[in-house]
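Below are the structure tokens for one structure; questions will follow.
Note that the chains are named A, B and C in the order they appear, and that numbering of residues resets to 1 at the start of each chain.
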Amino acid sequence: MLKTFSIGGVHPPENKFSAGSKIVALPLPKQVSIPIAQHIGAPATAVVAKGDKVKVGQLIAQSSGFVSANIHSSVSGTVASLDPIMDSTGYKRPAITITVEGDEWDETIDRSTDLKVECSLTAEEIIAKVGQSGIVGMGGATFPSQVKLSVPKGKKAEVLIINGVECEPYLTSDHRVMLEMGHELMVGIQILKKALGVNLALIGIENNKPDAISHLAQIATKYSGIEVHALKVQYPQGGEKQLIKALINREVPSGGLPIEVGAVVHNVGTAIAVYEAVQKNKPLFERVVTVTGKHLATPSNFLVRIGTPISEVIAAAGGVPENTGKIVNGGPMMGKALNTIDAPVTKGTSGLIAFPAEEAKRKEAQSCVRCAKCVSVCPMGLEPYLLNRLSQKKMFERMEHEHVLDCIECGSCSFECPANLPLLDYIRLGKAEVGKIVRARKA
Amino acid sequence: MSSVVLYTVLMLSALGVISAVVLYFVAQKFKVYEDPRIDEVEAVLPGANCGGCGYPGCRGFAEAFVKAEDISTLFCPVGGNDTMGNAAKILGKEAAAVDPMVAVVRCAGTPEHRAKTNAYDGAKSCRIATSLYSGDTGCQFGCLGLGDCVDVCNFDAIYIDEVTGLPVVDQDKCTACGACVKACPKFIIELRKKGPKGKRIFVSCVNKDKGGVAKKSCSVACIGCGKCVKTCPHDAITLENNLAYIDFNKCKLCRKCVEVCPTNAIWEVHFPARKPKVEDETAQPVSES
Amino acid sequence: MNKLLAVSPSPHVHSGESVNKLMFNVVLALLPALAVSIYYFGLGAFVVTAIAVVSCLAFEFLIQKYLLKVTPSISDGSALVTGLLLAFNLPSNLPWWIIVIGALVSIGIGKMSFGGLGNNPFNPALVGRVFLLISFPVQMTSWPLPIESRAHYMDALTGATPLALVKEGLKGGQTMSTISEHIPNNMQLLMGSMGGSLGEIAAFALLIGFAWLLFKKVITWHIPVSIFVTIFAFTGILWLIDPAHNADPFFHLLTGGVMLGAIFMATDYVTSPMNPKGMWIFGIGIGALTVIIRVWGAYPEGVSFAILIMNAFVPLINTLVKPKRFGEEVKKNG
């Protein structure tokens, strides 16, 4: 029996069409628009002005707090404007638009492809470097990584967990990264271990990626204290709490952080970014993006500069097919539907999925038949049918009592509901309201 | 045998008497003195328990009303001046008359003026849609038409027009309780003075984008050109964040601003129709500022 | 790209599961038992089932369309299932008009008066059955004899159910060993060769249905298994204490409505608890009540009553018994 988490879970069709496509660098766009809020936390502050010349990797917006992240230019050229642009939610948000001229990198970046294994920095220096390089969680959560590496006083990290699960259907960027950049990943993990002061790292990979498992297991033997674990395919195993439960059988307490059970979780993409930042002095300005869809001409994995318009990325994979009904930024379970493909790729864009029109629309909701399927699939042990009802009735106090704040918004409940109820829509609404109430109480 | 029955009956009776006495004293001790006028005030209130006054239910309002030194800050929008007068009489006070108010929807973005840019397919709730994205048109400020305001109205005073997709307030039913104002995540509904015979003038737009951007997403948007501000002889209009706002306390209903607005974003309701000549002028396209 | 892109909150994919499919699978799971029933009771079984199904569908349609004025939802299959289950709970010689009354009570009172599918506290088919049992006790307890009654409908030869035989026998001062000469042995019971409601007799066919429901993930095993375990353990203890005056546990499991009730009636979505812990409580309650009614009560059979009684406790169970929350244990320890 392969390991997995214990409560709930679903198994949506995997549809990993792009799993066999090698990562290809996308040609440079003519213009990029780099939002200054690409991460969870305070938006960065722009440090360039209109007309400034910038190089690839140059700092263009400065982190503005503990939970915030630096932003670097992904291209070389001239700052064309600092006006807000429409981001993927349709709201106009501040961004730095740069007209691309050539491809001139900052001289301090080591552009060679040689593997650099030794790292002489101390833990503090590593964490500072990660912060300077603007690294955020690459799985889509975009939480600033240096915050996660700074273990709070009184807590102790015991084990580093590397998330190579990629439990979202369709997405393959982590899979390709593990296959093509295995050694860089290992060195990145060693650096993260050093930063955290732990001796053991566990890489969790779902069993639908046997090539990545065997490849990494084999090279892991060359590094000390790294274990590769195959996990049963089960969504949402990539959720931090689920992954910790699956790998070390500890449950993060309700409302708590992984560090409370001695674990710190980072995504494989993040570990690579850390390698590049620390060993090659290369800040985070590009990422691997899966572009896929059942009816897309060539499902691909691209290395994309941050700020590239989504439309260009999709064009490189054969363009948006005729009968496309929906385009999702991220995975199909937790990603966000786009209302415009002119929005830019950001640090959190792990994939772009085009759905044909017939799969784009939800089916009509019926009334709840109380089949309890939502209860049995909820990985947090909640009762989605009840939360849904309470939220519609605006009974937020009761929702708090029913642990709505534990909901990880994985969508398993809506996925499974035979009555097609938009459970998570209402649960998310209630969760936000309860969050407000709780914050008001603390203040 | 009979003695057993007798004892049982005696025991139970004694127990009953003791508990009754204890309960009586407890009740006395914990009895809260309640001003009888609270009940009287509550009796004259409409009993809608809508919360429009800012208190949880009519009883809460009655308590606050009786306790308050100064009743001028308290008002039941549902009952209006009559109710407030009656309630004040109970306390031997006088209630200052307040202008009747009505809910006003400040968005005119019908499908004809504001093209759809995508198709929303989530749960039918403005709040959910807002937390997801900017909306299904180019205007990120405008009404979503999913009816959160309609859901909260206790008086059946607001409905979504099927053709325009926008909410419409029935001014005869609206009690100005403000529930819809609070419910709208886009802050589109405002309580404004009902006006003499329902005559009122307001900017029917909440778009804060710059003129060109606003105009592109909606043909009847306020473009912040400031013409109305300059025209208003009573200083009633202010311009902030590319959006004009008419202060209903200063507005004298002269209708001049309505004429000059290049996008027809200023609405006048319940006025007699204008001569056609003026309408032609208002239709003139004007360059953006 | 001429059409507008759809925008909705996540998730963007769905399992494809639907209420129709679930109900359809319940119907499929009931078919083996129906086949056995038609084998034993022939014409009668067929006629009773047809009348029950058609009248349930008709009442659902008429009530929704003309009384409640909503779009009829008979296509979701729940009325079909109610009809089948109602028929399964009736003797195969029941006059047609009684069946129609049963259907009206099931759909009209048991389901629609509470607000339709999803809101009814009691299993509609059982409401219909119990109503009939109380109103027409004679017709509802004259059971056609299997095999002999094949070519008959209302004029079928009748006899008592094994449970009634045991109850009568024990009351008359007989011991189990003498009674057992008149009742079918456990193997015959498993194959369904006994008098009884038309759908409850064939334990093996109902178990095939159970397997299908589990395989299709329509239900979970908790409720049926907890009922079986409770009945088996409870009657087993009684039997061990006094084998002369108590039937053996296999007899209790295989006769009467235990299989039908545990697999198809107690697992009704709407009227059963929402999480495994609650399901165990519910199942144990049904099992215990069934045995109590059978052994000490006035009726020879108690499954229907037991389920209805426990149905009444479901809201309470749902409020008090919560699923195991993630991170809960740790919180207690720390």
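Assume contacts are C-beta pairs under 8 Å (C-beta built on N, C-alpha and C of every residue); 3 or more make two chains touch, one makes a residue touch a chain.
Owing to the predicted nature of the structure, the values given are computational and were not obtained by experimental measurement.
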Category of the chain touch graph - line, ring, star, complete, other: complete
Maximum centroid distance from chain C, chain identifier (CA atoms): B
Chain pair with more C-beta contacts, A-C versus A-B: A-C
Rounded Å distance between chain B and chain C, as computed from the means of their C-alpha atoms: 53
Distance between chain centroids, defined by C-alpha means - chain A, chain B (Å): 41
Cα-centroid distance, chain A relative to chain C, in whole angstrom: 48
Residues of chain A engaged with two or more neighbouring chains: 336-337, 339, 360-362, 422, 425, 428
Shared-contact residues (touching 2 or more other chains) in chain C: 5-9
Contacts with 2+ other chains: residues of chain B: 117-118, 121-123, 128, 132-133, 136
Complex contacts: residues of chain C adjacent to chain A: 1, 3, 5-15, 17-19, 21-22, 73, 76, 78, 116-119, 220, 269-270, 273-276, 318, 322-331, 334
Touch list for chain A against partner chain C, complex: 7, 10, 12-13, 169, 241, 245, 250-256, 261, 320, 322-328, 330, 332-339, 341, 353, 355, 357, 359-363, 366-373, 375-376, 378-383, 385-386, 402-403, 406, 409, 411-412, 414-420, 422, 424-425, 428
In the complex, chain C residues that touch chain B: 4-9
Of all residues in chain A, those that touch chain B in their complex: 86, 89-92, 336-337, 339-340, 360-362, 422, 425-426, 428-429, 432
Touching residues on chain B, where the partner in the complex is chain A: 117-118, 121-123, 125, 127-128, 131-136, 140, 209
